[in-house]
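Below are structures written as structure tokens.
Same chain, two partners: chain A is paired with chain B first, then with chain C.
What follows is the complex of A and B.
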């Protein structure tokens, strides 16, 4: 039963398959394969992984744009796909900020009309003041409401998208690569804006990105996905101290450290080859084709996601063999160690 | 507020909510072709509406003293074999030409857009059925299908317009479907669904305005051919019934006297060509103006 004690979001063994045609033959593509995760009120969960690992599909399922093939998505204990009004209300409490800022607003409507849409779909009263207030809150001039999206810059468009996502006061906002298309200084501004808004409004974020530094800056916890599966889940402090899955380590070593001396001296784990096709995923551990530590058992047996230490889960047969990381990239959230936090 | 103050904050500009249609018309007037097309079209629409007052004679009244008279002071465009004033008949015929062009194209467009949007948005089996049925219509040569339709429905202004509308609907459906498919994949569509907007509202609010621009251009360009198609039907005797003047049947009658009274062919044909030209040029202008990134004059901005 729904109650305040349940986590805001629970994803239980969610699976999504697409029917695709490859070389004239019908095949099933498993974009997301048995993902479970949870998210508390006011928390930010970062999801990282390469392109094509199912991050976006997971995001679309969480907000209810796609229906999972299998598994459940619960908010405060209630299924978002429950029939009738209950399900609709639950789905309405989730919003999303999209990757492409210019494509996420109807080019033929004013920015104000786009921002007001979630509010107008609900009741429709006093939208004008609410839009002006919300635009101001995300750092835009309220007069921008009268403009068309293409008259705004990319950063402004993304701020407007954030305003639209937040205007109906959702409990969860999913960011699907929402800063990926912005330049680096704008990324920092938007991240700071998101942190401020979270403090003001208590919104939870599901922050999906391939940019590890950004995810580490904004998230409380991090989930690493590979080929539709969760391979590691831990707090951001643990993750920046020592990731345990070889894939996470390779992701970490792919991010540059600002200091060239440290950058040259720290251990690097380079991955060979591409992500295998999700149409025909490798046997056993899906990462074994690219893993530098793979042995026979990895190709035969699939490692389960198991708990190692405090709040650290990893799906690997030999997490203890994973190379250690001595250098830490941008500090975890809340330590005050990085400059962007205080900007 | 703890956000960076420099992004998106401009000096206070007065908030202006402008109607989107007004710049459209203004830009159309500024466009050379658009101004010409609009002017010619307005001229013909004026003739269609007020032709009875403007025309020097009753278009159906015979002047037995001036049969087949060449252009003169009394009869600017000459008279036909029954002594009817060609100028008055051309003016009266513009009513039919304009009416048919607008009725057939708007009906065809409405039908086509609805079919196209439904096919594009819902996809799957709905798309297949609608698309195949449109393909069948499309497979026939335009005029042949229109003739078959009129033969089934019977001749007359309304039936001929309807036949042309049916023949023209597949091209609108195709364009609407193609645009709907590309619009559907846009993120603002997902955003609207997330906002909790219902499907019919999404289709009207987000799909229709984005599907219409290319369709309107096609409509403007189709008006000329629709008008020509009607003239052809009427030439073949499938349009309005006689005494009513009509460019198509005027040409058909004039064919017999082409060597002795060429003005009977030249005048309605010139009117036909002028109206077609206006529709075509206007269609091009509408396309230039409706492009959201257009520059106003239809030319790219000069770069240094």
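What follows is the complex of A and C.
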């Protein structure tokens, strides 16, 4: 049996390739290219990145919806793709909440039936009380169990999806843009709910989003992905003090602050161009085509993800130069200098 | 009626051809748009009034269902059945466009106002090259001379690399950011005095959003066009706007200069909305939220529409408040705000509930 003190989730050098057709020719798209990460019990790991960075593919692999082309996904030391019952049980201990709440529930079944599904899949036992209790826990009236999804508002549907994910008491819930389709006031409600539920139930979250502010609000640690690779991984506190990858810095700079005076005064790092196609990723550092600091070596040599300072991983040849392209928000001046020292 | 001011100086000057910069390009008065048969259905836009001046960016902010997109569609006279404009005036460069025929409107679209929609994939025709589609926009306004040159310049203006080649490409060959640039270039190609942008960057990644916003800011600054920016993103509002109008349940509930809105919001809904924006600087702390959800607009509304979610509601709020000036350029549709009462964040009537 896997030992208790292994991390809840270990992702080891995972790759995922898709066969696609591009201009009549078969091509291999590397959606996720050698990603490793780990997640402890009761912890929230935020994964942030823009469209096409592979974060959703990674999420689908973690819950077992996609099988990695290469690499392993372990829970408490055991492979989730181990043959037979061992693998099946491990995969069943993970749940997922999707982006579009109306599309992720069967419109012809009652909300209660959908929420009960994970329990029913496990054993045939009585589910009615469990469903009512779970609905109440996520802030819904238990009577909603009898309704169809379309009779619920978007926020209520997402609460029901969360109830469905949590009802079988999973060790890990993967959120793939689970708040993206909600209005801001509802986003705040759901984020608070997730924090509360985590405290009550000790569930771990893998929280995947393009919204850096939301990720920073909910996570203990944060992973930044670009074109299928991890470019930076660190604690949220360290990240808000000083991100060390130029892409993370641009991402933070592009995340607008709801404060017009600060917004006017802080310098903005404007990246050139678009994210390159994952079919034909740039040589060397994949970010070099858009990086304001790129020099010759960046196009030639791929920077390895290496440890800098305490619990801060970054894949950049010159992380000590990163603070020079940025503002030191929101802390006092001099935070940039501190970051250079850790290098 | 306190709502109607006795004298409108701008109407006096409107007969002249030379327009002063403080004359609004667009003035909307008591616009009402209903979906469904008269007297029934729901009122999506309920007596909305605002104006936008030359070189100014007005942000129209609100959550889904607040009527902000229905307002934009009404301004363009693009409300589809069963929706229809029931009343009010939309004065564009001194002319009320609501009584005009569709032919007249079509002539004004493009030159007097341009539009940028949210989803660039559906705003472009997939089977024609973007150059061809931009040419159509020019042809509609009888501009056939040097069309190719104009198109290339328009694409260059929005930061498109290699515009000559790009004009021959099709929407599916471009990235989302590039497509949205094309849509903006198309909205601007006939040099409209007013650009209406409905969630122009919502479908884009943040680094691309930054590029597109920068572009729109420069264009309004350089060409002096007015911009009506519709969004739910408070960060976009903070970055782009001079003034902000906040919509809730079909009505404008607050309007003020941008700094004033963020520093001294005088409507509980605006305050709640601003508090709900996640702040990366406070990891793993619960946020103050707005409890509840917006009202069901198909039901008749009585009193203040925000009352059921409001921590400050009292017996006054059973009567529907008007949108009244409460300070310099600051309007609020809230009885306590109009009475000059403070929104106390402490005490048991706290507005900063951590409701989940």
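Details
We take it that the second predicted complex is superposed on the first by the 322 of 343 C-alpha atoms of A that agree within 3 Å, B and C clash if a C-alpha of one lies under 4 Å from a C-alpha of the other, contacts with A are read in each partner's own complex, and residues count from 1 in each chain.
One rule holds in what follows: a residue touches a chain if its C-beta (ideal position, glycine included) is under 8 Å from a C-beta of that chain, and two chains touch if they have at least 3 such contacts.
Every value quoted in this text rests on a predicted model; they were computed, and no experiment measured them.
Contact with both chain B and chain C is seen for A:155 once the two complexes are overlaid on the shared chain. When the two structures are aligned on the shared chain, A:244 is found in touch with neither chain B nor chain C. Of the two partner chains placed by superposition, only chain C is touched by A:270; chain B is not. When the two complexes are overlaid on their common chain A, residue A:122 makes contact with chain B while staying clear of chain C. Once the two complexes are laid over each other on the shared chain, residue contacts for A:192 go to chain B and to chain C alike.
Of the two partner chains placed by superposition, A:230 touches none, neither chain B nor chain C. In the superposed model, A:212 makes contact with chain C only, not with chain B. Residue contacts after overlaying the shared chain place A:255 against chain C, while chain B stays out of touching range.
In the superposition on chain A, contact of A:313 is made with neither chain B nor chain C. Chain A residues in contact with chain B (one complex) as well as with chain C (other complex) are 139, 153, 155-156, 186, 189, 192-193, 196.
Residues of chain A touching chain B in their complex: 60, 63-65, 88, 91-92, 94-96, 98-100, 103-110, 114, 117-118, 121-122, 136-146, 148, 150, 152-153, 155-156, 159, 161, 164, 168, 186, 189, 192-193, 196, 343.
Across the complex, chain A is touched by residues 1-5, 7-10, 12-18, 20, 186-188, 190-197, 205-206, 209-210, 292-293 of chain B. Across the complex, chain C is touched by residues 44, 50-51, 139, 153-156, 183-189, 191-193, 195-196, 210-214, 216-220, 236-237, 240, 250-263, 268, 270-271, 273-275, 330 of chain A. Taken together, the chain C residues at the contact with chain A in this complex read 63-64, 161, 175-178, 205-211, 214, 232-239, 241, 258-259, 262, 272-291, 293, 354-356.
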